[in-house]
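Multiple structures are listed underneath, in structure tokens.
In what comes next, chain A is part of two complexes: it sits with chain B in the first one and with chain C in the second one.
And then the complex of A and B:
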């Protein structure tokens, strides 16, 4: 390899590292949870470093959210209320999507992050494709499907890149 | 609707032309059906080799019927009698009818004279399937291998057909290779035909 070629190669690598660091520092989504209809956590994924949790904590958050969601349905003055869709706090937003079968998908993200409903719907789509059509998946059990992981990380990555472009 | 009431009445069902029919079915419907097929067979077996065999048998029945149908519909009631002819028939005609595209590649095995391989980057039946780690090298493509075996057997080319995952360089997912190992008599006959 020529001297100049080497330099440009190094430059590329540096750019890539910088790009990746920027992606993580701008991580819009902190974490993703999927809970089954009885409130058990069946999928948990952490993105970025903020608010990292151990397994017990994530299980606790999941069942807590499940109960809060159910209570909010009962308390709401609106008839046929479908439960909390968005919880806004000082340090995070929590967007929730409940499918017709009672499976709940929710993301914890940076305050003010846009287009999370779309992302949640897309994640639901991935779930119906790569989890429910997989003969080796047992309903209501933790999700361990390689294809789901691959497609999910692609979707989240795409969402981040789109965010950078904005 | 255009053409309603203009359908020609045939007194004899055998005079009716064999239409191609609708070419596509819902992928989701197929995926769920196939998933159920795998799950049902899983309850009937106690080891993975047995499951593979059952899926292959299910495919064999499809293959035998597909050969009959396609020889009639696409080939004017003729069927291939030569080895390369039947292989390209499987690779293109059969694949196109079943999966809507020709297979990605058809190759001759480098080590053995009697082996051929049909490779597919993403086999349709495996589109939504992730194999659990504890099932090792099991591949639901066994069903497709069964189809291929059904076609070949029906056409007079007995063979052992198996499906394998083959890791690809620079690719996250392995591709599926359908390995066809022809019976000795097939190669002897082929040599005689010259």
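And then the complex of A and C:
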């Protein structure tokens, strides 16, 4: 290979790496929260939002969301309202899924991110499999299960790769 | 349904076109709605994942500062929200499948401006009783519904 050829080849490779890094640093999902039926935060994971929240703030935000969810049901003009599913803010979207037992899962993602309902249901499945079936897990307490962590990060990663494929 | 609030939380206008379920009396309902919007705004300002400097949760913010929101959706309704720089909040509650209503809210704000603010007899901060505004609004909302 000639020298100029080599250089352009290297340039290409570098460009590819830079492109990939840019894509990966462009987080589609900013953070994930799981709150129990009384509004206590039992799981919080951050996937790269600017200015990470400390523990106290995340607890406050979680319980605030719990109350807002309940109030939105009271204000419904039609019966059988089950609370906010999607909140569209200026810089993010918040998707929320409430299970039948009252546990709420919500993700903060980029505006316009699709298929979040599917991801939330999948996270719920992971929760039932790796948290609820864990004999050492106490109900309504913070989640500290290694298998759940591993599978969750895989799921989120997969979701990101699927987003990259668009 | 539609609500208009001023920056002090006074309900300037409440109209309903179709509301099958009513759980609270009107005043309680307005208070609850304003409280919900106020808290949701402080929540979004705190949650904003794109800025590092956010201050504490619930810290008072200047109008137009901090991350706000424009709509939320439940399984039974969708609420679209707009806040103007003067602190007027316009809220539309619609069917959950309606699309983006930001343009409509702007249009309604224009109506408010033309028929209410420019009315020399209107006293800012008091409920809106402009006949012209109400009829034009009615026409417009029936047009987009």
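Basically, the second predicted complex is superposed on the first by the 141 of 166 C-alpha atoms of A that agree within 3 Å, B and C clash if a C-alpha of one lies under 4 Å from a C-alpha of the other, contacts with A are read in each partner's own complex, and residues count from 1 in each chain.
Just so we're on the same page, contacts are C-beta pairs under 8 Å (C-beta built on N, C-alpha and C of every residue); 3 or more make two chains touch, one makes a residue touch a chain.
Please read all numbers here as calculations on a predicted model, not as lab measurements.
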Overlay on chain A: chain C relative to chain B, clash or fit: fit
Residue contacts with chain A in the superposition, chain B compared against chain C: C
Partner chain in contact with A:153 - chain B first, chain C second, else both or neither: neither
Touched partner set for A:133, first chain B, second chain C, both or neither: first
Touched partner set for A:101, first chain B, second chain C, both or neither: neither
Touching partner for A:145 - first (chain B), second (chain C), both, neither: first
Closest Cα approach, chain C to chain B, once both complexes are overlaid on chain A (Å): 30
Residues of chain B defined as touching chain A within the complex: 28, 31-32, 34-39, 42, 128-132, 135, 140, 172-173
Of all residues in chain A, those that touch chain C in their complex: 30-31, 49-51, 53, 57, 60-61, 64-65, 67-68, 71-92, 94, 108
Contact footprint of chain A on chain C as seen in their complex: 1, 16, 18-21, 23-24, 29, 32-33, 35-36, 39-40, 42-44, 46-54, 56-57, 67-77, 79, 93
In the complex with chain B, residue positions of chain A that touch it: 129-130, 133-136, 144-148, 150
